[in-house]
Structure formats: C-alpha cells, structure tokens
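As structure tokens, the structure follows; a few thoughts come after it.
Letters A, B, C, D, E, F and G mark the chains as written, and numbering starts fresh at 1 in each.
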Amino acid sequence: MVKRFLILLVLVFFVIMLLPLVSDIQPQTELNPLAKKYVKDGPDELGSANLVTSVIVTYRGLDTLGEVAVLFIATAGVGFMLRRRKGSKTNPQKKRESSEILQTGTALLTPLIFLFGIYIFLHGHLTPGGGFQGGVVIASAILLSMLSFPQSEINHKILNAIESLSGVLYLVIGILGIYLAAGFLDNRILPLGDFGRLFSAGAIPVIYSLIGLKVGSELVGILDSMQRSDS
Amino acid sequence: MAVFGGIITFVGSIFLLLGALGIVRMPDVYNRMQAGTKATTLGILLFLAGIAIGHIECMCIFRILILILFIIFTNPISSHALARAAHHIGIPLTDKSVTDALAEDESEKEEAIS
Amino acid sequence: MTLVSIIGFVLIIVGLWGMLTQNNIIKIIIGFSIIDTGIHLLIVSIGYIKGKTAPIIDSVLLKTDAVNQVVDPIPSALVLTAIVIGLAVTALMLVYAVNLYQRKQSLDINDFEELKW
Amino acid sequence: MVNPLYLFIIALGTGFLLSLIDKLYRSVSLILFYATLTAMLGIAGQWLVEIMRGMEAVVIYTAGFQAPYSINLRLGMEEAVFVFLANLVGLLSAIYLFNKFRHSKVNAMVLFLMMILGINGLIMTRDMFNLFVFMEITSIATYALIGINRNTESLSAGFKYIIAGGIASSFFLIGTIYLYRLTGTLNIDSMIASKELIAGNAGFIALFLALSAIVIELKPFPANGWALDVYQAVDSGVVAVIATASSAAMFFVIYKLMPLLNITMLDLLAGIGGITFVFSNLVGLKQKNAKRLLGYSSIAQMGLVLTALSLVMKGSCGIPPKNLLIIVVGGLFLNHFLAKAGLFWLAGLFKEQDTDKWSVIRRNPLLLFIFGSFIFALVGLPPFPGFWAKWELILYLAKSGQHFWIFTILLGSFLEAIYLIRWLISVVKDTVEQEVVLSFQKILPPVLFMIGLYNAGFLMIINYYSFNPLFFAPLMVAAFFFGIDWLPTKFKGIFTIAVIGAFAYHVVPQLDGIYQIFAVLFLGGGLIQLIATLQASGKRTGFYPFVIMMFLSLGILLKSETTLQFFYAWELMTVSSFLLILRGGKARNHSLLYILFSLAGAYFILTGFAYAFAAAGDINILSITNITAYSSVIYTFFLVGFLIKTGALGLHIWLPGSYAESEDDVSPLISSILSKAGIFGMMLVAGIFGKSLFGKIEISAALGWLGAITALIGTLMAIFQEDIKKLLAYSSMGQLGYMVLSVAMLSHLGWISALYMSFNHLFFKALLFIAIAGVISRTGTRNMCEMGGLIKRMPYSFISVLIAIIALSGVPPLSGFGSKWLLYTAGIERGWYLQTAVAFFASTIAFLYCYRLIHTIFLGQPKPKFKEIKEASLWYLIPQYILIMAIMAISMFPNLIIEPLAAAVNNYFSTTIDWNGYTVISSLGYWNGNAVMYVTMGVFALPLIILILTQRRPQLVKQFNIVFAAERPDRPETTHVANNFFAPYQKALGFLAYPYATRFWSAVSEWTQTVASLFRQIYTGNGQTYALHIILYVVVLYFISGGR
Amino acid sequence: MINGIIIVLGIIMIASAFMAIYMRSLLSSIIAAGVISLLASIIYLLLAAPDVAMTEAAIGSGLTTVVFLYAFNKVKGRGEDNHG
Amino acid sequence: MKIFKQGILLLLFLLLFWVLLTSIDSQELIAGGVIVILLTLVFSRKAAVFGDFQITFKSLIYSIAYIFVFLAALVRSNLDVAFRVLSPKLPINPGIVKVKTSLNSKTGRLVLANSITLTPGTLTVETKGDHFYIHWIDVSTQDVDLASQEIVSKFEKYLEVMFG
Amino acid sequence: MADILYNTSAVLALIAIILAAWRLLKGPNVADRVVALDVMTIISISLIVYVASIAQRVIYLDVAMVYALISFIGVVAIARYLERGL
C-alpha cells in the first residue's frame, strides 16, 4: 500500500513535470519550413503522391532501413530465444482441429487477403499504407492459415529465401542510389513516371514491395517461431 | 440522393445501436452473439451503403462494396468460430435454454470412448 | 491537437501506473504497450493542423494546393517507425516472459529477484 | 575511400543473408560473419587513419538531399575514433565468442552483427529520430543476445533491462517529438542552430526528457540496478560489448547533444556523473562477484567520463581546448574502454565469479600480467591513459576553481582503487582455485587490449608531453626484466645492480643540491642493499622487475622538471613498491593498507600540484617557487601526502605491517630508502611554502610537533613488539619522526640534521634489517622470544646488529650520536625546546628496544632447536659490512658527509655552522667525530678486556630446567625472560602506545562499509522497483534542475 | 463533431487502459489493450493520418494481440483464462 | 482439369477483386495481371474450394435469386432480433439444435453456415459431417428433421445448384 | 439535412460503441468480451467510413478494409486460442 502511494506520488510529480508540454504548446496552424519543403517539392522531386511515403522511403529512408532492421532483429531474437520443438510427432498436446467452416473460409480468403496485401504495398505511393502495412496483411493471411491448419508446416526455406533476398535487394537498390542517383536510398534511380499512377515515383513501389515481402516474411517468422516452440 | 443515403445510414446506425444494445441485454454469450452478428451486420451494411449512395460522386462505391462483401463473408465465420470455442470450453448456456444437442452428443461420444 | 495530446499523456501515465503496480509480467508488458499507444497518439497529435487533410495527393487534393491543405507528414512517418519498433519490443518481451515462465512456472516479477545488491 | 554507409550496408546485408546461407553451410556463414566484422573494422580503421592524417570531417547525406531534409551522418575525428573502437571491440568479442557462435543458432551471429551496426549508427547519425531508431536496434539486439546464456539469472536480468530500456526509449521519443515541434527539425545541427526556440519551459522539458533517456542508458547511480544484473548475469563476450561499446555510443550521443544544453543541464550532467562515480564505487566495496564488481566499476567509470566531459564543456563555454578534451575525456574513456572490455573477457574464463576464487590466474604469468595491467589502468596509475587524464582533469578543475569536484573525483577514484586492488591482492594471495578454460580465441582479445592500453598511454606521453626518454626507463627496463625473468636469480640480481649502477652513474652527476644528495641516498643505498637479494635461490619470478622499477622511478623522481613528471615518478614508485611488498607471505592486508594510504597520499600530492598549477599557471617545478596565493592550502596538501609516505602519527597504520610483512630482503629497501622519498618531497615543499600560515598557526610548527610525537610514539610502540621486524618497523617510524621534526625546523642546521639522519637511518636500518633477515633466514621465526643465544652461532650478524643499534641509539661514538647532536642543537637553536625534549625522551627510551634486540636475540641461552644453525648467508653479510664501513666512515669523518649536505642546504638557508678540520661548530657547541670515536673506544675497550679476562668459563644452564624442577607450566615459553619483556613499562607508558590511530581508521573503514551496504539496499533485484527508480530519478532530477 | 468523437473514444480508451491493467484474466486484459489500439486508429484517421491508422490497426491491434495470444499459449496452465 | 478450373476461377476472382480495388487503368491492369497470375500459380493447388462453383447459366440465375432470398432473410432476422432486444421482457427461448444438410461441397456448406448465422436467431456452433449444430434463439422444435426444414432448406435448394 | 442525418448516425454509432464497451467491461467471461470487441470493431468500421465521408477522402477506406480484416483475424485467433487450437 505504501508502495502504491509512493508510485502515485511519483506519477503525480511526473504529470506536473509534463504539464508544460500540454499547456505551453499551442496547436500548429501552419506547416513548419521542413514539412513545407516536403509538401511543396516532394511530389515533383520524388513523384510520390503519398507524402508520408516519400518521407518514409526516401527523405528518411535510413530510418526505414533501421525499422526493417529492427523487425529483422526481433525475428531473429524471437527465433533465438525460443527453442524449436523437435519434430511435430513428439507434440505433447494435441491441438483441437479448427472447424470445417473456418477451414473453407480460410481457403477462400487467403488468396484475396494476399492480393490485398500486395495492393497495399504496391500502392504505397498513391494510397495510405505501404510496405509495413502490406507486410502485416500478408502475414495475417498466413496467420489465418496457421489458425485454421495448425499442424501444417510453413516452408522455411522459401520463407528464409524471401526474407533474405528481399532484404538484400532493398540494400542493393539503396546502393544503386549512391551511384545512379544522388545518394543512398534515393528513389530516383528509376524514372519518376506519370504522377499519380502506379508506375511512378521511381523506385518507391519497388522498395515498398521489397519491404512488404520482407516484413511479411519476418512477421510470419515471428509467429511461426512462437507457435512451434516448446511450451 | 444525399438525403436518401442519409436515411439509409441512419437506419443502419439504428441497427448498430440495437446490436450493441443486444449484447448488453442478452443473457448469455450465444444470444449476445446472435444480436452482435446479425444486427450489426445489417447495420453496417446499411450504414456503408447509405454513405456510398450519399457520396456517389467520390467513386468510393467499389471499395465499399468490397468492404461489405468482406464483412458479410467474414463476420459469420468469426462468430461461428467464437461460438464453437465458447461451447468447447464449456461456457454455459443461459438458464432459459431449452436444449443443448451438441453437449449431449459430445458427452455421448466421450462415454463411448471411455 | 491538444485534446489528443492529453489522451496520449493520460494513456502514458496509466500505462506507467500499470507497469509499476502490477506484479504480473504480462501485465507489465501490457502496460508498456499502453504507453506506446499513448506516445503514438502524442506524436500524431503534434503533426495535426486543424482543418487540414491527409498528405496524400489525389483527385480531391491538388499538388499545387497541397501546402495549405495538408497536415505535417513527418510525425506520421515517425510514428510508423515507432509502431513497428513497439511491436518488435513487445514480441521480445513476450518471449522473455515465456522463457522466464519456463524456468520458474511463475509470472510474478517478484519471483525473479535472484540477482541483487 | 569506402563510403561509411557501407558499414551499415554490409552489416545488414550479411545479416539478411546469414540465415539463408546457414541453411546450406555452417562454415560459410561463420566465415562470412567474421569477414563482415573484419571488413567493418577495416572501413572504420581506414577512415580513422585518413582523418588522423588531417582529412576534414565528412558529412554523408542520404537520399541525395542536404542536411535538414534528409538524414545525414557525420564522420569526423571523434566519430572515427568511437566507430573504430566499437568495431574493434565487436570483432574481438566475436572472436571471443567463437565457440558460442559455432554451436548456437545462426541468429546469435545475426543479432551480434545488428548490435554492432546499431552502435555504429548511434555514433554517426546526426538526426534525433534516427538516433532513436539506432538506439532501439542496439537495445533490441542486446535484449535478444542476453539470452545467449539461457539461465534464469540472465533471463531475468534481460527482462529488467528491457523494462528500463523501454522506459528510456519512451522518454526519448517524447522528448524528440516535442523538440521537433518546437524547432521544426529533427536534425541535431539545425536544432543547435535554432537553439533559442527551445529556451522555453516546454523546450526545457523536451530536451530534459530526451537527455534523461540517454542518461538512463548510461546507468546513473540509483537508477541502474538492471544494468548491474545484466553485467553480472550475461555472457562475458556480450557484456564486454554492452559495457564498453554500447555505453560509449550512448556517451557519444550525449556529447553530440551537448551544444544544445545550457549551463544548468551541464551542471546536472556533471552531478549525475559525480554521484554515479562515487556511489557506484562505494557500493562496489561490498561486492564479491567479479562481474558485478566490474559492473559497478564500469558504471562508475562512465559516470566519471560524463562528469569530466560536462565539466570541461561547462568551463569552456562549449568550445573546449581540443587537447584538454582529448586527454581528459579521451583518456578516461579509452582507459575504461580497453580495461573494462579486457576484464570482462577475462571474467568469462571463470566458471565461478567470486572475486576470491580467481587465484588460478597467478599460475599463469600472462594472465596475471594482463589482469594486473587492467587493474592498474583502472586505478589510474601510469603509464595508462587514465593517469594522464586524471592529472589534467584535476589540474583543470583546480584552475577553474571547482574545488568540490576535485574532492568528489578523488574520493570516487579512491573507493574504486580499494576494491580493485583488494581484488588484485586476493588473486595473488588466495589459494582457492577453480577451473579455467583457456583457448586462443579467448586470450587474444584481452591481450590485444592490454597492448592497446600501454600503447595509448605511451602515445599520450609522446604526443602531449615532451618527456625526457629517461622517464620511460622504469617501465621499459621493468618490461625488459620481465622478458628475462626466466634467468636465474643471481644473474638477474647482478644485472639489476649493474643497471642501477649505470643509471646512477648517468643521473647523479646531472643533479645538484639536495637532489644529488637524495640520488646518492636512493641509488647508492639501493646498490648496497641489493647485494643481499642475491642470496635467494631459484628464479624469484617477478621480483627484479619491480625492484628495478622502483629504483629507476626514484631516480627519475629526482630528475623531474615538471610537477607531472614528479607525480608520474611518484606513482610508479608507489606501485612498484606495492608490488614488492605484496610478495611477502602474509602481506595481504598490509599491502592493501600500504597502497591505499599511498594512493591517498598521492591524491593529496596531486591536489597540491593542481592548486600549485592554478596559482602558478605552469607545471614547471621551478615555477612553484613563485606562488604566493593559497600557499598554506597547497602546503598542507603536499604535507599530508608526504607525511603518509613517512608514516607520520595517525597516518602510520600501514607502516608496521608493510615493513614487517614484506620479504626479508625487501624490508630494508622499503624502510630505509623508500620512506626517504617522503622526506625528499617534504623538503622540496617546505623550502618553498615553509613559512606559510594556516590561520594563525604556523604549519611548520605543527609539523614539527607531529614529527616529535611520531618519534615518541613510534619508539614506544617499538618497545612493546614481540615481532622483531615489527619492532624495526616502529623504530623506523620513530626515526622518520625525528627527520620530520628537523625538516620542520626550516633552519640550516635542522635540514642538515634531517639529511644526516636520513643517511644514518639508511645505514643502520638497512644494516639491522639485513642482519635480521639473515637471522630469520636461519631461525625461521620472527618472534624474538623464541630466539636467544645466537651470538655463538651467528657472530658476524651479532656484530652488525651491535654496531647498528649503537648507531641508532645515538650514543657515542658512532654516527647516531652526531645525528642526535645535530638535532638537539638545531632544535635549541630554533627555540623549540619542548619538541626537542620530546625527541630526547624518545631517543632515550629507544635504548629499551635496542637493548632488547641485542639481548633477546643474541645473548642469553641458545634454544635447543637453534643449536645447529649456521651463520647467515654470505650475501647477507657483504652488504652488512659495507654498511658498517659506511657507518664507521661517517662516524669518524663526519665532514665527509656533512660538508656536501651543508653545501646543498646552503641553497635554502644561510649557513650557521662552521668547520674546523673534523670539527663541526654550531652556535651552541662543537662536535668532532674523530675525537668522540677515540675517546669512546678507549672508554669501552678497557672494560671489555677486563670482562674477557675474568669471565673465562661461563656456565651454561638449560633454559627450562628450573621450571622442570617444579611443576610444568602450560606454556613454558611465557616463563622466558624475553617474553613480554617490557611489561612493566606497559603500565606506565602503555596508554601512549594504545592504537588510537588503528581504531580510528578501522572505524572509518567500518563506517564506509556500513554506508556501502546501506546504499546497496536499493538494488532489490526487482525489475519493477528498478523501473520506479528510473522514473523517480528522472522526476527528482527535473525538480533539482529547477524546471519550471 | 470531431472533438466529440475524440472525447468519447478517448474516454473509452482510458477506461480500456484501466481495464487492461486491472482485469484479472490476462486474456481480457489483452482484449482491452487491443481495443485501445483499435480506437486509437480511429483517432489517427481523424487527425488525418491514414497511414498511421492503418499501421496501428494492423500491428498495434491485430498482430500484437496475436503475439500475446501465442505467448499465453505457453505461459499459463491453459483454460483458467476462460472466466472472468 | 479440376485444377485448371479452380485456377481459372481463382484468377477471375482475384482479377475482379483487383479491379474493384484499383479501378480501370492500363498500368494497374498490367501489374495486377502479373500479380494475379503469380498468385494463382502459387495458390491453385490449395484453392480447391474455388472449384466448387458451378459455371452454368442455371447457377448464375440461382445465385442472383439467392442474394435476394438471403437479403430478405437478413432483414427479417434483424427485425426479429431487434424486436427481441427492445422488448423489455427479452422474449427468448434459446437452445442448440441439430440439423441435417445434404450439401457436399465445402463452399456450399460454408455459405450455408454463414447464411444460417446471419439469419433469424440462428448461429452455427459446430459442424459434424452432415449435421450442423445451431444455436437457435427461439427453439420451436428439437427434432432434427423439423429443425432442418425450418432453418436449412430454404437456402439449401439454391446452394445445391450453385455449388453442387 | 443529409449532414444532420449522417452526424446523427455517427452519434448513434458512438453510443453503440459505448454500449459495447460496457459489455467489454462487464464480461462476465472472455467470450463475452470478444463479442463486444467484435461488435466494437464493426461499429468502428462504420465510424471510419463516416470519417472518410466527412473528410471527402476515398483513400481512407483502405484503412477500413484493413480494419475489417484485422478484426476478423483477431477474433478468430482468440477463438482458436480459447479452444486450444492455437
């Protein structure tokens, strides 16, 4: 009880400390110069209709690379920390089969969700979404199969290959930026195309596709290691 | 057109509200699911349709169509999965229930095994 | 938007409270994800400008007009990264929780005090 | 030139590919992994070289846009160094972990690579949010790697780490986003340019939050329990990276953000660092687990570096002098970095981490050497970078008037020294052993880092201080002697003597005045006494290197032209003598006391030098003479420092033990030569500041009293000793008291007597110690009452002792008389009658122990068990007789020595004595050594002849036969006449000899321990509590820093 | 209107946060935590950040919950979560 | 042949979905075409359920008819449930009953189950072979055949044609 | 007129969310909460579509689609967890 009171006290002081962040900061009424530059020049410079995407993929591309790395690390870490169950035969508890309806539904929906995921990351420069969201959607398609068919195994070789190769390709595109364009991760290695259409914004769709594949396979990796590990 | 859409939307929202009320009022999980899946599915169907009709100029009709189809298709599946799970882990039916054929069959099966 | 900032801060505080008062490791992790959500709200609220729309140029938002019409795209970009990172940390924390549970069959954080002083 | 971005690209690329390749071939993935780390190191190294050669710092823009629009990286001097070090430690740790990597999943390698990648990014990026991303990359990779050992401890530690790291990154994110809101940019440089935008309240909080996050990652004192658990539990190879490279990166982030901070925040940072430094070290005192101990030390060191950086930055308004920054911050950092990584690596060799179970190290000279080097580096001894850094830091602090910080930093350093050296001693002395697993890849990294440490230290000397090559001699020659340590003792001993002789031949003529006098005293005395060490047989590993180091450092002490050189030599001397003392069989606790007191003394001296520098503006020793300001303070600091070395009363408790428990042929070196270094220093400063007053008290007068009382108490304590070497040790303390007294007189005669006594003491005490060493070598005991009647067996030793005690006690005709005469004369001349009386009283009661020495050991009845013993080894006798001859010479011809002494002292005081042939004439009387000798010889010769003639057949009675006639006592030895010989006097004078000082110091020690254990109660081991600590810490810091 | 929605959603979110903390059953806690993210993503949309909304919905609410579930699968004697 | 059929069906479905998502645009169609073909190749083996669709004119007619039947049922069910929710006494009489279906194709069964779930007061809880276990909010009969008649048959006759 | 209708609908939807949240709070068991969650997400989708309509942005509907997908998978996952099929 004393501890709780102490915590409460600390948090009260913490709130007092944070108060100026709310009280002293007026809501913005205009973009700051940096954002203005992005909004004004972004569409012409990078050709991406979604300005958030242009910020994510190009202007702050290193962040995104880091983000991909973080997810990659998480996958590796989760796989590292969880011991994989040896062989599915020694599985101690039998998992309950999913219902037939769910299985059928899954079979019907999976390709559609897949396509939807691809749509999201391929249109990252035109509509909301992008590699991460698309990757999550793809991962959730596979998650759905994992839920419906818990005994089925994921082909790890293919998963690994997709993960590795898409990551490496992303890097290669980044490197190409150094030599073909103005800098690392510059998307202008490909022509900018017609603004607002699918094949535009230089390498952004390619990059986002690769990120999408990578994120998708990484998330599947996380889920898979969590599912298959010893419990 | 906009007003027509508005009315449809309004009806849809009433169904949504009813569905929500249903899950508050109903006595057990299965009955709540009845209210939840049915009323809300129709509700959202109408709500979305209304908005699509009301904003016909914005070209959102296709997306809303996809959305509606998706919801109609998935919502019963998830409800079913949940009901199945709830029954499996033995969440009881309300006292008002008159029969439970599934539970009977299950127990018969178990007896047969043992 | 101040309102959302306040919600964000409240969530941060509530998350902290949960993290500090709950003994269950999973609850602590949940506290963390609440804090994360609060922070994300905060970041997005920073970039919002009243009455403006999303920085995505399409048929209703013209390129030439965008500067006066859109909200700041940078916080959105940042929060995206933050969300992914949050997922990574959460996953790792959960794996830790699983591993810890396997050692001691307990999720009480007070049971993991073997190192001290 | 390879684009630095390739550091990230190849790390990531390899990371991505590793798991794929690993599915095919394990060995290929291993090779690829190491190749990548090597390549990263290569890139970093290439940039380091280029930038060292004078290349401009490069800024790397990504995405082809200029700075504020895209993320940019910077690679300048500082970045290059840090990146290089991080990659180096990465590669070496990877080599260290080779077996782990080979046998665990490929994910371990991936995670390791990513961790290194994150560290690189942290160092290079110039963007706030990118910083956050890299912070997370590093942290998450670390969290996962912590699981490389799957025991409960490391898992729970890892979880605590995640909680702390999560809170920290949350804070950082909040701070960053508000900084963005206020400045409109995320680029650090742009933020600095628009610093005024964050001057407000909200800006302060935002900056504070971001900063506190990084501070938390640096593990500040009360909010760091999680870090300690990590240090303790996690695999050594990983921890080495966490403790060094990760911390370094975080530290560098603070460095990057520093231009954003205002003075308040710099003060805050300094405070954080200072508290961390002192308290972590304090708590570390109670620690027994090696890795946790290292953890405390790491945290403390990072605190120190942080403090140093903040103080330097603060004092120079953001643009610090580059050299200062490099030496102080760079030195401290490098020191910590290399030593700590090395120690963590060493820790990984052991299964059990109790600090007293590491003794196996001593079997392996290489390991012992590495370990010792690291420990000494951390303690801050020369030639390691930490030494130079500490010197510059203290000087800087003194100059900028930050007195409190001097105290704090030295206190912290002292506390750290306590546990580190205690550990070293326990490694050398303990016998509990355990298995170690040695393999090439586990030894290589620490060896490389040790070499790096030495190199860094020497590079610092070469680059920043123009040292005479002579100043490298102690270390170089010692290293050489380590190299030839496999040779037999005799050869090494003779070689040592030859080297010292050559050194003396080289150095002595270059000196003048009292410098020369002391040079003769140190080196000449050493030459004679070292002959005694030739008696040892076998290899005597690790003896001569330290001996020679000690003598050469004594030599260069006299050669120093700057205060830095003086301090350098002083520290070298301290450490070498400590290692010599440590060799003694039971020297465990005593050597600890010795080094601690010596270090404390050295810190006092350092402080003195620092204030002298502040007052004089120069580190040239000569410039000290011009100081007028603060002279009393400076004087006091110096005096305390030097008095510790001479073992003045109250500061003496290290003395008896170290003198007595060191090896028998080391004791004379320590007692008769080393202690004179204190006298030398005292004369040096007394000559300059002697007249200064402290308030209204004349400091020198107090010093005089202290000397007199020391003489009295030392003598008294000597009387009641049963242990022969302890007796001699206390006697030395008393003798040094006389010298202090006479130095304090600040008169011509006083100083002559001080110098004369120094020589005299050198001769007779060395003689005594060597003679006693011979006796002990035969009897095997140091307990006087177990000896007796040895005169028959060891006549030559007897003669030595006899001569020595005559010289000691100050009776005519030997030199002791002259010294006492000079002392009393000087005292009376100065008007210090009371002090002189005390000294006189002391010198009178000195007869008591002199008598006991000769009586108990040599006279009386021989013990049955010593019936057959032989005379001491010839190697003991040779130096004895040389010394006897020296005593005779200066007794007969005092002007042989007094003349040069007087000439030397003339530089300081106008002469008050005259010469007339062999007669010294002072204002109070005269003394002719020749005449005294003849008269006394005559007086003594007559009774001796009579005695010899009359006592033809002395009757020998068995020792205990009287007792056997009646009943048998429980402990027959207590009936021996020599047992508790001076019990009657104890009643009269015992209260004076009561160990007040010992009681005082042990109370201090106990109290410190209590405080330490009190403070460590905050480390409850509960991750949640630690989280609360962090938040509490941040809140408290905020309100301290005067937010609002 | 927008403010109204935000206030209502905010209150529900905060209530859910408390629920997440104080629910005895871990599964319920997780559901509550998922609700927070779900509602947050509506707020993001109101703040004109559809990208974030999508991400928060997909990751914050969906994937995180699933990861939690997989973790629960291994930590609790299963079945005791069913009630409460 | 079967695989070919289901592949074609899958491809058509996906293409339709893509077009609905992206509207008609040459670039979108090119990209979409490639992606859809790739996806079809990947999923064609697993997409057996798509093969259940009968591609006949009759089934098309029935499908359209079914939509209306279903919508009508949906509205009715909702009004029913709304009434039950709103009435203060909560007039329910729930229970789980067993019904029998003659549908064989998986998709047919899925659509049937979904339709049941979405219509008046019924919720598919479990399927076992031919039997569906239905939670019924207003149990009027516990007999399998009668219940089947009441709940299943109105959909079944359309679905039998549509999915075989 | 139309705007009033739309806004009223949104308010009703909000009330519905509150009701669902009440069920979420009350329980009494996990399945009830999941039902509440399900209902909440469905109502939320309607809110999202409403937001898209007032902001006049079609692209917001993509969010709604992801939302629907995620809620479906979330509920299925919880259900599978409950019946020990995860």
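Quick notes on this one:
As a convention for this text, contacts are C-beta pairs under 8 Å (C-beta built on N, C-alpha and C of every residue); 3 or more make two chains touch, one makes a residue touch a chain.
Please read all numbers here as calculations on a predicted model, not as lab measurements.
The chains that touch both chain C and chain D are A. Chains making contact with chain D as well as with chain E: A, C. Between chain C and chain E, the least number of touching-chain steps is 1. When the interfaces B-F and B-G are ranked by how many C-beta pairs touch across them, B-G comes first. Among the chains in view, C has its Cα centre nearest the centre of the complete protein Cα set. Per-chain CA centroids place chain D at a distance of 84 Å from chain F. Averaged Cα coordinates give chain E a centre that lies 30 Å from the centre of chain F. Centres computed as Cα averages put chain C at a distance of 21 Å from chain G. A straight line joining the Cα centres of chain B and chain D is 78 Å long.
The multi-chain contact residues of chain G, meaning those touching 2 or more other chains, are 10, 17-18, 29, 31, 34, 52, 55-60, 62-63, 65-66, 69-71, 73, 76-78, 80-84, 86.
The residues of chain C that reach two or more other chains are 1, 6, 16-17, 20-21, 36, 46-48, 53-56, 58, 60, 70, 74-76, 78, 80-81, 84-85, 87-89, 91-92, 94-99, 102, listed in rising order. Across the assembly, chain D contributes 129, 133, 136, 140, 143-144, 147, 174, 178, 181, 1028, 1031 as residues in contact with two or more other chains.
On chain B, the positions that touch chain G within their shared complex are 2-3, 5-7, 9-10, 12-14, 16-17, 19-21, 23-24, 29, 32-33, 36-37, 40-41, 43-44, 47-48, 50-51, 54-55, 58-60, 63-64, 66-67, 70-71, 74-75, 77-79, 81-82, 84-86, 88-89, 91.
Residue ranges of chain D in contact with chain A, taken from their complex: 3, 5, 8-9, 12-13, 15-17, 19-20, 23, 60-65, 68-71, 104-105, 107-108, 110-111, 114, 117-118, 121, 125, 127, 129-130, 133-134, 136-137, 140-141, 143-145, 147-148, 174, 178, 181-182, 184-185, 200-202, 205-206, 1028, 1031-1032, 1034-1035, 1038-1039, 1043.
Residues of chain A that touch chain C in their complex: 3-4, 7-8, 11, 14-15, 18, 21-22, 25, 27-32, 34-36, 38-40, 43-44, 49-52, 54-56, 60, 63-64, 66-67, 70-71, 73-74, 77-78, 81-82, 126-128, 132, 195-196, 215, 222, 226, 229-230. Chain A makes touch with chain B in their complex at residues 96, 98-99, 101-102, 105, 108-109. Those residues of chain G that touch chain B in the shared complex are 1-6, 8-10, 12-13, 15-20, 22-23, 29, 31-32, 34-36, 38-39, 42-43, 45-46, 49-50, 52-53, 56, 58, 61-62, 64-65, 68-69, 71-72, 75-76, 78-83.
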